[in-house]
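For reference, the structure I am asking about is given below.
Letters are used for the chains, namely A, B, C, D, E and F, taken in the order the chains are written, and counting of residues starts over at 1 for each.
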Amino acid sequence: MFFRTNKFQYNAKPSAPDPLYAQKLQEVLGGQWGEISVMMTYLFQGWNCRAPAKYRDMILDIGTEEIAHVEMLATMIARLLETSPVEVREDAAKDSVIGAVMGGARVEDVIVGGMNPQHAIVAGMGATPTDSVGYPWNARYTISSGNLLADFRFNVTAESQGRLQVCRLYEMTDDPGVRDMLSFLIARDTMHQNQWLAAIKELEEDGLDQTPAPMSFPQEKELSQVAYQFWNCSEGTESRQGQWAEGPTPDGKGQFEYLADPQPLGEEVTELSQLDPRLHGTPKKPMPPVSS
Amino acid sequence: MFFRTNKFQYNAKPSAPDPLYAQKLQEVLGGQWGEISVMMTYLFQGWNCRAPAKYRDMILDIGTEEIAHVEMLATMIARLLETSPVEVREDAAKDSVIGAVMGGARVEDVIVGGMNPQHAIVAGMGATPTDSVGYPWNARYTISSGNLLADFRFNVTAESQGRLQVCRLYEMTDDPGVRDMLSFLIARDTMHQNQWLAAIKELEEDGLDQTPAPMSFPQEKELSQVAYQFWNCSEGTESRQGQWAEGPTPDGKGQFEYLADPQPLGEEVTELSQLDPRLHGTPKKPMPPVSS
Amino acid sequence: MFFRTNKFQYNAKPSAPDPLYAQKLQEVLGGQWGEISVMMTYLFQGWNCRAPAKYRDMILDIGTEEIAHVEMLATMIARLLETSPVEVREDAAKDSVIGAVMGGARVEDVIVGGMNPQHAIVAGMGATPTDSVGYPWNARYTISSGNLLADFRFNVTAESQGRLQVCRLYEMTDDPGVRDMLSFLIARDTMHQNQWLAAIKELEEDGLDQTPAPMSFPQEKELSQVAYQFWNCSEGTESRQGQWAEGPTPDGKGQFEYLADPQPLGEEVTELSQLDPRLHGTPKKPMPPVSS
Amino acid sequence: MFFRTNKFQYNAKPSAPDPLYAQKLQEVLGGQWGEISVMMTYLFQGWNCRAPAKYRDMILDIGTEEIAHVEMLATMIARLLETSPVEVREDAAKDSVIGAVMGGARVEDVIVGGMNPQHAIVAGMGATPTDSVGYPWNARYTISSGNLLADFRFNVTAESQGRLQVCRLYEMTDDPGVRDMLSFLIARDTMHQNQWLAAIKELEEDGLDQTPAPMSFPQEKELSQVAYQFWNCSEGTESRQGQWAEGPTPDGKGQFEYLADPQPLGEEVTELSQLDPRLHGTPKKPMPPVSS
Amino acid sequence: MFFRTNKFQYNAKPSAPDPLYAQKLQEVLGGQWGEISVMMTYLFQGWNCRAPAKYRDMILDIGTEEIAHVEMLATMIARLLETSPVEVREDAAKDSVIGAVMGGARVEDVIVGGMNPQHAIVAGMGATPTDSVGYPWNARYTISSGNLLADFRFNVTAESQGRLQVCRLYEMTDDPGVRDMLSFLIARDTMHQNQWLAAIKELEEDGLDQTPAPMSFPQEKELSQVAYQFWNCSEGTESRQGQWAEGPTPDGKGQFEYLADPQPLGEEVTELSQLDPRLHGTPKKPMPPVSS
Amino acid sequence: MFFRTNKFQYNAKPSAPDPLYAQKLQEVLGGQWGEISVMMTYLFQGWNCRAPAKYRDMILDIGTEEIAHVEMLATMIARLLETSPVEVREDAAKDSVIGAVMGGARVEDVIVGGMNPQHAIVAGMGATPTDSVGYPWNARYTISSGNLLADFRFNVTAESQGRLQVCRLYEMTDDPGVRDMLSFLIARDTMHQNQWLAAIKELEEDGLDQTPAPMSFPQEKELSQVAYQFWNCSEGTESRQGQWAEGPTPDGKGQFEYLADPQPLGEEVTELSQLDPRLHGTPKKPMPPVSS
């Protein structure tokens, strides 16, 4: 069960309204690599966890922290969409962006070209669980497979893509309040990248999994002949110049082999069989009409 | 530009039709972690690549190989959906699953409960670019950020989740032909996990990026105070028992710190400001009707 | 069966083209709370209705009216996207927004920043069944549960959210023709809010349902101990200050009780059981590779 | 900021595994009217709230409680997907449904026809944020408009549709453990229906809004002539038999009027204007090819 | 504006309930090529039409007819989901499929494996605007481009895919009532295929468009060198054996040319340029951290 | 299996960067009628093909060519998003659009109103598999029914809608490099319209199908009475003025008949039956609470 405090985890106050930036900031709230994604991913990984308790507790602790990140971003966006107190008092809002939205003037329409119209029409200047083009968050962004090595690798990715996006957003504003909050989120992503990398190491040292994941599948059942081959499916061999093309493999179980001119191992393409005619597909030769 | 040969990369022939298994196998064709996802992801990462040529060429080589995996799976599924030659010749199909679908008999309906009805109605017993519950593939499964460390971490994940799913599907059939093809795919996933791990090492050794990704963002701009802290957001401290809670961090730049009883750093939650009344949101106190 | 007349239900003619406003107006055509949503919702509720005939007929009458609303909005949007007759005659369109789209000039590109590019590229300046950010309408906006109290409550909501959005759009334009049509739609939403509220009263007076819906489920089977408790899941007790925290409940069957410091009633969180190893999830302790 | 306890809000333990029921139960976890929907809806309504503090606090308290409901359902589903301890120990699972999934036997395939294949392949027998047909939850289920009367009406609906679905699911099982948990959820839905009805009353008594919502739009600007008319858009007049067709309207501001044979008020349908020829739409008469 | 009669366009009554078939029949109600798709497509094409009036009127007439098809299918599905009157009276429903759903018995669960659980849980045994795997209808199935030749070609396709699916569904049942209704829909699809083919001929004879559509784009601006070439992008030349490889082209403006061994016309693939470093993509060589 | 060359099929280099146009060009890459759609559609039609080999080979040849079109568009878009070399060298980018994005200045924000923010935040100035409003490509755009006449009609449509959109995009730019590439794509669409029309003729002449598709369904089973009737579902008879209303039908099997005043053929709408009370729908008359 969950409880809520009266404070934000960190500051979430812009120095000034900026509805255009609010739209962009939506990406790390409701986008594929945004805070809702990691919140939901970690909570579901934790609730579904069948590994030792330390993993479950660790995962759920981060998941719980991420709810607070969602809270900060939602609040920040709602504030970026505010008009200034003065404007409200005067009931005018003539020279602000919001004023332009409401006024419907031709010239000002230009200014709000980049604003998400749903912020005004649908959400009344509140944050929405959507990304920077207004596409709604969906649960395919939530990854929980029951295999922690596969999932922790996803988590490292999520914290990398997430930190990358927050860094880009940091560059796109010079509002000190916004940058202050982003510097907090970037630091937490630094922590979480490290945390999941450490968790992968822990998992391997605990003997619970290793490369190639899942280690619980007996490797003698895979077609070992092709398990460490690089297939060069193009003209030229620039792809030979990396350590993925020769030398020992990271799992310590093989040597990379480079096939410069790989040949198909499978059968010649042959025709598929005919279907039951009652499916009315195109046959190989003319047939009379038929029905059951 | 691309060209096509007359052969499959590997065998793709089941020993017998099995429409129920065909539905399950769709997961690794058109599901989130299926072959279409890695095909599209690698192609887009390659086409968008601004890193040295060896990376671009390597990425596109794998992307091109993945088209062949999609081809094998689509063909395998189409064959799993076939009736036997005998049945077609007799125009009867009375005691097969397909026969039951077409005949509409009550008892047999039971049997086809697990079959995807769209395989018959929409695709005429062909493969579809959807997953095992019939949900269509979509492009949010394609990841290409312009930052290769973030993307290669995704690629390791994709090959891990993918190999996990193929292993599970291997367990769900005992058809020798299907298992033969799956043993090939599992081996290629072994290769590709190793390949992307090697590529991450190459990228770091080339000095192009490192943890925390992206390294191009100056770390002195993040809030260093919280960059290596574990926040225990729950009762109990089971989450303290892993190497993510103390000791040096994987990036070699800090020490994990465990906050057993973390306190919010942010402001007290305060009220949001009022809105322009023409947005007709709920105000703090009664106001007369107004319109522009 | 349905028939069509040659007239609009009300006027649908703007005073001047305005492609930027056309994009915004899409929200109440193809958005979540737009006219397509209520059209489809009421039609499906009517076709699925198993209640007395007066309900079915009433629901379908509104559903049929809503087709006319969709028609008006689609026409209005198509007209807002038109160039003026003069521009067409001169084959020039140099200084209009459409002209800027077609001309591709740099400066004018700015002007069309807020225009939906699909209006030009995909729809040839016609209306589309999408919302104001271009997201396509989908059938999850259609609600028909077979329980009319639950559904009528949805209908009241739909007419409230819809009227709210149309009012906001009214503020965003000063085109007399557009405002004329919106004043009609706002009035119909006034009617429909009242109509569904009256229908809820009728349903309750007919003895067909009541709070808590559905009344057909025996209330003695619910855990009565928690049926009228407010759980304060946060620090502070501002939430105590409303009539939801004490006094008689609206269903007339209980008294609100405020739990200022609620405690979990459930078990201590315990570990989930192990899985069949052939699913290759992470186990509690190291296990050898296994396959069937 | 949020914290987590070690206990469930209520019990979440089935008496026996039941993977077919697990799929059905997904509806109230990740479906349109499931617990994720109300969790996200209430949290966003709270974070975006600009009304008096008692409303914000009340909304967020329920939102926080709903996280615990999501937690219970996810755990319940994970447990319904478990095999029994005996089966795991024997590494056999021969005669359970899970065993059938893993064994791939023909006969048993029949049994698992109704099981969600993604529970096995994708989630390793964990809960997923999807509904009972496997469709992923998406953020269009989150409603937060900035107008509390419109939103509270949605909330009443959500608790009605939700309670209806839980009652239906209660009828579909006789597992005492599952029914115990459902009796708790049904009771909480009873509370929350009452709570939102009380909140609507509070809002109206506080003078913050009323029917027709939003009251902040001046009613004299709507086309009053049609604001209380019922349009009978069909043959027959069964729709006249309810209190929505005559008598005073619920908002206390008008009288229902029944139009048995309503006539369109709008213009005759006329032709749309021609387009800029460079859009290559179909013109009214043949034109020579043209390009800019 | 639209009106409704009291009669179905044709019969819509099954001889007996059949919930498994109800799920399959959903495909032609709410699937990609179902009746909702053509209803919405034709209505939007008509409302957006800028061609001569006979086209607009014809398109809208069919669109209006399609509403009646949606009505018939929705009703048919609701009836296929009914229990028999006897079962309701006895409050037992022990040996019907619905009874099995409600009773939750293990054996009967098998029987309902193929039933859509949302028919019971979400829709209370009513039709839903979804397809046969429960995926919701969406507006990307609505095609209206402003160019009637492109759109009429889509309409021919829609009536072909639709008739194909209805024919397949005809084969999957032997219920006389269902087959009666389907024989009506198949006949109407026959009409509509013919109608759209005739409309294409009319459009061409009216000089409004022709192949290659749109004819309004001056063909001298396309790269005429490749306008009638077949590129054989594979080993082997089976693709040479059709009239698409040699002889006059259907538009009467060229001759097909077969390139057995086509060569790329474009530049050698070269590297993309570097980005602004503040986007934190992977560069070509190591760079120091930088931020604005 | 597939291989890749080092050259583009045709040129893909703009004369200058243009991020606003890059967003628009996305439509024909990742939109409904873009190159990804035809690539996937043709590949799946080919892999699922059970018709004579010449068809399969022809379909797959085009499918393979389309991968090269996707490649060209992705590269073109990535280049349109580049800053000029000078700007990068100076690390300034002050007066370019990208500079404005990165600088976050108020005035320049206006300029980038029309830019897709995900191009910067998500893709690091790379192409994305989405359309011009940022909506992700999805597999419902892939059509493969097993019936080639139905599918080839779709393919003609796809090449018509596609050519239409490319022509419109041609008009929206005057960049010579972009227009050069588009002139190639337009010509290929000319070829492919002709090719699919020729393939339909071939299919009919081979006796494999004809109008009404599918011809394999015996026409005597359809309700012949309505197979060639035009139903005028509106006031007025403008729709009588085309060759769809009288004369021989295109399939050569009938005569069009125009029903100026069509009457429903179906039963009077009657009430649906009652449901099992345990589904808690609204009944016809009050009933006591009940549960199993």
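Worth a mention:
The rule is simple: a contact is a pair of C-beta atoms (placed from the backbone, for glycine too) under 8 Å apart; a residue touches a chain by one contact, two chains touch by 3 or more.
The model shown is predicted, which means the values in this text are computed figures rather than measured ones.
Comparing chain pairs A-B and D-F, the larger number of C-beta contacts belongs to A-B.
Set against the Cα centre of chain D, the chain with the most distant centre is F. Centre-to-centre separation of chain C and chain D, using mean CA positions: 11 Å. Our note on geometry: chain B versus chain F, Cα centroid distance of 25 Å, whole angstroms. Averaging C-alpha coordinates per chain places the centre of chain A 31 Å away from that of chain E.
Note on chain placement: the centre of chain B and the centre of chain D lie 27 Å apart, centres being C-alpha means. For chain D, the set of residues that touch two or more other chains comprises 1-9, 32, 48, 53, 55-56, 60-61, 64-65, 68, 75, 78, 102, 110, 112-115, 120, 122, 124-125, 133-136, 138, 140, 145-147, 149, 164, 167-168, 170-171, 174, 214, 217, 219, 221, 233-234, 236, 264, 266, 272-275, 277-281, 290-292. The touch graph of these protein chains is complete, with an edge between every pair of chains.
Looking at the complex, you find that chain F touches chain D at residues 164, 167-168, 170-171, 174, 278-280, 291-292.
Of all residues in chain F, those touching chain C in their complex are 20-21, 23-24, 27, 31-33, 110-115, 131-135, 165, 168-169, 171-174, 233-236, 264, 266, 271-275, 277, 279-287, 289-291.
Looking at the complex, you find that chain D touches chain C at residues 5-13, 32, 53-58, 60-62, 64-65, 68, 72, 75, 78-79, 82-83, 85, 87-88, 91, 93, 98-99, 102-103, 120, 124-125, 138, 140-141, 143, 145, 147, 149-150, 153-154, 156-157, 160-161, 163-164, 167, 170, 183-184, 186-191, 193-199, 201-202, 211-214, 217, 219, 221-234, 236, 238-239, 241-245, 249-251, 254, 256, 264-269, 272-281, 290, 292.
Residues of chain A that touch chain D in their complex: 1-5, 7-9, 30, 36, 40, 43-44, 47-48, 60-61, 64-65, 67-68, 70-71, 74-75, 78, 122-130, 136-140, 142, 144-147.
Chain D contributes residues 1-6, 48-53, 55-56, 101-102, 104, 109-110, 112-118, 120-122, 124, 133-136, 145-149, 203, 206-209, 214-219, 221 to its touches with chain B in the complex.
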